[in-house]
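Across the two complexes that follow, chain A remains constant while its partner is chain B and subsequently chain C.
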Partner chain A sequence: MRTTLPKILCIGCGIIMLLQFFVPLEFVQRDMLQWVNDSAIVVATFGLAIGLASLVHVHSARIRRRARGWGFSVVTLACAVVVAVIGLLKSDWGPVVAHSQRYDILPNGVTAGVIEVTHTLFGYQTETAFTNTLAAAALVPLQQRTVPMFDWFYNYIMYPLMSTVFALLAFYMMTAAYRAMRAKSWEAGLLLAAALIVLLGQVPVDQFVRLPAIDGMSLFEWLKLRILDYPNTAAKRSIIIGVALGGLATSIKILTGIEKPYLGGRG
Partner chain B sequence: MMTLLVQWFDRNYRRVIYVLVVLCVLVPAFLTVRLRIKPAGATQGLFNAVEGIPAARHAAITNLEAELAHTITNQEKLLSRLQRLRQHTNGVLLLSLDFDPSSAPELTPQAEIILRHAFMRGIAVVAVIVSTPVGAQLAQSIVDRAARETQGRYGVKLAGRDYVYLGFRPGYFNLIMQMGEDISRAFASDYAGNRLETLPMMQGIKNLHDIDLVAVITGFVGVPEAWMQVAKTKYNRPLGMGMTAVSVADYTPYLHSKQLVGLLPGMRGAAEYEMALDAPGAGTRGMLAQLASHVLIIVLIALGNVLFFLQRRNRS
Partner chain C sequence: MLGDVLTVWLQRCDAVVFDLDKLNVFVGLGLIGSVMMLCVYRARRGGARFIRAVPGLQAVDDALGRAAELGRPVLFTTGLYGVDDVATLAGLNILGHLASRSAHYDSDLLVPCANPVVMTVAQELVKERLTQAGYPERYRADTIYFITDEQFAYASAVCGLMQRERPAAAFYLGSFAAESLLLAEAGADAGAIQVAGTADVSQIPFFIVACDYTLIGEELFAASAYLSRDALLLGSVKGQDLAKVLIIAALAAGVLLLCLDQFFGCHWGTWFASLFTVTEAL
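Now for the complex of A and B:
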């Protein structure tokens, strides 16, 4: 039963997914597909929960064993907890950093109303007190702008960190270009020439250097497109077709129960 | 002297290169050189597809009216669809912003210019992210900013009326499949938590059939294939893409097979699109830094090879 039920589920779901590409019946196209999709999204959502559980398990074990670099595991778990708590808290909550007042004056010189502004770490909230109804009509209150805490953390911590780590690649790539991209053989030279053409074709270098134009494009741009359109497309197509045939064979083996990767190869 | 210089560079090349990279990125940010970038065919294809959305919607309405006049079966279904199509006479664009902060500098200009173009033409926009929860807030800020910046000249753009940001749900392949049948089942609410049935804009959009163009801006492998298999192959929706320059070689074959109406290659793609729309923005500004960086990398490759051949000749 431990192996039969997963096999039945896998083959059944696979056949349902297959049918809706080939059988134009409304029951297959709508109801069966809805059921599989709903189930898949629920499974994927539970996948996130399993991922979180796995993260906690792996890192708590590292902390218990005092494994090398266990301090990073503490930081990882602390960050996970802090972000989860922030996500669950009321979105506009935040420590008050300042109060301010703004008076609006009508064209006739009469004070029309007062706007109380409460600045929090995550934005500001406004409360408007009007002196009379006429003034209320004349006064345009500040647009309320409260930044959810989760967004604040994302914009000012997560975003800069991810961008910075990725930006470091530029420095490594530049040093690698100097050290590794060398024409050590005829084939390497050919590859290098193609890389140089694509690099030059990607930027408007013709604005600073006079270059011949072909089909309304600069020489390097024209050459770049020829490389992308012919040798690249030919190579990519053969890879895509090869991968597709391999995927088809594997799918047939899974659908017929010959291959069972979901059971770890057992059963 | 030359030998000493070469030896010094060999010891300190990392420091020198790092300083040059910083200069190549920083200095162009302070320059105001207006680059002339001619849109390539792949970029023009996506631009024309967005530009043609209102016309495509009018054609769809006309065709459906003609079909309704000549058909006696399925009248109710066709009428319901016609009503939905008439709600957005300028058409609907579905924009999938599938990237995270690591590829944001290259892909944000693409997303922004497509959104600005759509808002300028009065096209309703459904924005979504299907691949990663990490990019959800980023995508929201891009959509909101584009709506805010466009509203001055082209009327106020309101969330829920002119555009909807659906946010993220896991399981992208099945999610896209579900959007094909019923978007409100895939996303019960928008990112702000409003139920889709309460949003005026979504009254005219039920599923992928009500979308005139799907545009996918992505830095992830696998996501373009999912959109192609479902949105293009199964639901026959016109599909355009924008991606990081490094991924373009992988997806050029789909452009030739006409599975894609257009393909924006990295920051260059954004700059070309901005030129096509005559609205220079972040893409055009970034091209000068990219030009400087490309020239630097070429110089470094050349320098590395010259030193390599000199060393080989000395050894032999």
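Now for the complex of A and C:
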């Protein structure tokens, strides 16, 4: 039973997803699909609780053992607690971190939304977004509310942190490109030549050097398009076809019970 | 022809139970599925079991052996996505083999997860494989743990983990997005032998330049068959190859017929292409 029920559920859900693609009946398209999607949301919610338990367990153990870098675990747990508490607060509870006002402008009978946000924590200056400055005089406040502190934390702490990590990619791309573009063999040389042409095609070289034009494009831009449209697209499509077949084969193996990663490989 | 017969039959039934615009998808799916199942059936009866060498998978034992020699851990991640992603499932299949091999070499296996459901499946999988391999005492739930589902928070946590633990081998097998290069560069900086594999075409170049070995596209899905040498799994890989031969034949026929259209003014190529057209986006 421990392995049979999950197998039945897996095969059943797989068949429902297949049916909803081919069968246009409302019962299948709406109700059955909705049931599968709702079940996925329920599983994900329970999964989140398990994930939180794992996070607390692993990091509290590291702090207890004074494992290397245990200070990071303290920060992680403290942040998890603070964000969870802030997320549980009602939007009008806790310190006011920002006000927002919503207006409707009525220039010549056309209605447009405007949101004005005034941040009060840490001295952020007023941000105002006008869709039509000419009609600003006709602003009529429709709604005034306190911005939830959770949103403020996400927008002004989490988001900049994520952007910072994302920005590191530019430097990593440069080091990766440096490694890739060393012509150690004739294949690597070919790659280097193609990369140089594409790079030159991306920038307006013809503004500095007089180059022949083909089809109304500069030489390097034309070459870049030829490289991207033909050999590059052909290679990408061959990988995509292989991936699609591999995905289909894996799906069939899971649906027929040949492979059962969701059961820990047993059964 | 078949479509017309079905339309008449369904009109008599007074209810549309099958979307005929997707009949070609249904036939293609059935054909490829049948070819695969036929190959699996043949493999079960002892058919051909040859599979070409994949350098990235041949290096798995070397990487695990190196980790054992250096006394450093092995890191494995399936990326950001959940178990509804087929590449993640393929990665989890490989994790099972890695778990038993790393236990054999007496190396620690670290699996930081970005999805709690993937974490639960990974824990079950590793526990089961270690038990099957005769090392049940080597299972530690705290080495397979959840970090966060935020993309760059996860990437920074794994990069930090690699800086502190200095893994000797790192495996990135699953679904990845922009964090792929961050992880691979951090692994290279930690001096790890890196094996990566993903189905995402836009991330493959990043792994190729930053990792020692990369499983390109379908190789990721064939990896579990390669590592386990299980007859049924090898049969399905054989089926995949046969399906690819069918697709290549269809492509060649399409090109030929479209050329004939150009030279003789006929419409065979257009008709052939229409067989593969799906009116609604997949």
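Some points to look at:
In this text, the second predicted complex is superposed on the first by the 191 of 267 C-alpha atoms of A that agree within 3 Å, B and C clash if a C-alpha of one lies under 4 Å from a C-alpha of the other, contacts with A are read in each partner's own complex, and residues count from 1 in each chain.
Going forward, contacts are C-beta pairs under 8 Å (C-beta built on N, C-alpha and C of every residue); 3 or more make two chains touch, one makes a residue touch a chain.
Only a predicted model underlies this, so the values are computations on that prediction, with no experimental measurement involved.
By the document's definition of touching, of the two partners only chain C reaches A:Gly242; chain B does not.
In the superposition on chain A, contact of A:Asp229 is made with chain B only, not with chain C. Look at A:Ile8: by the touch rule set out above, it reaches neither chain B nor chain C.
Look at A:Met158: by the touch rule set out above, it reaches both chain B and chain C. In the superposition on chain A, A:Phe72 makes contact with chain C only, not with chain B.
Of the two partner chains placed by superposition, chain B and chain C are both touched by A:Phe21.
In the superposition on chain A, contact is made by A:Ser251 with chain C only, not with chain B. When the two structures are aligned on the shared chain, A:Arg179 is found in touch with chain B and with chain C.
By the touch criterion defined above, A:Gly47 lies against chain B and chain C together after alignment on the C-alpha atoms of chain A. Comparing the two complexes, residues 21, 40, 43-44, 47-48, 158, 162, 165-166, 173, 175, 177, 179, 236, 240 of chain A contact chain B in one case and chain C in the other.
Of all the residues in chain C, the ones that touch chain A in their complex are 15-19, 22, 25-26, 29, 32-33, 36-37, 40, 82-84, 86-87, 89-90, 92-93, 96, 113, 115-117, 119-121, 124-129, 132, 142, 145-147, 149-153, 155-156, 160, 164, 178, 181-182, 185, 199, 201, 204, 206, 208-210, 216-218, 220-222, 224, 232-233, 236-237, 239-240, 243-244, 247. Put simply, chain B touches chain A in their complex at residues 13-14, 17-18, 20-21, 25, 35-38, 40, 100-105, 134, 137-138, 140-141, 169-171, 173-175, 177-178, 181-182, 185-186, 234, 245, 248-250, 252-253, 256, 265-266, 268, 287, 290-291, 293-298, 300-301, 303-305, 308. Residues 21-25, 40, 43-44, 47-52, 54-55, 57-58, 61, 68-69, 72, 158, 161-162, 165-166, 168-169, 172-173, 175-177, 179-180, 236, 239-243, 245-254, 256, 258-259, 261-266 of chain A are the ones touching chain C in the complex. Chain A contributes residues 21, 29-30, 33-34, 36-38, 40-41, 43-45, 47-48, 150-151, 154-155, 158-160, 162-163, 165-167, 170-171, 173-175, 177-179, 181-184, 192, 195-196, 199-200, 202-205, 207, 216-217, 221, 225, 228-229, 232-233, 236-237, 240 to its touches with chain B in the complex.
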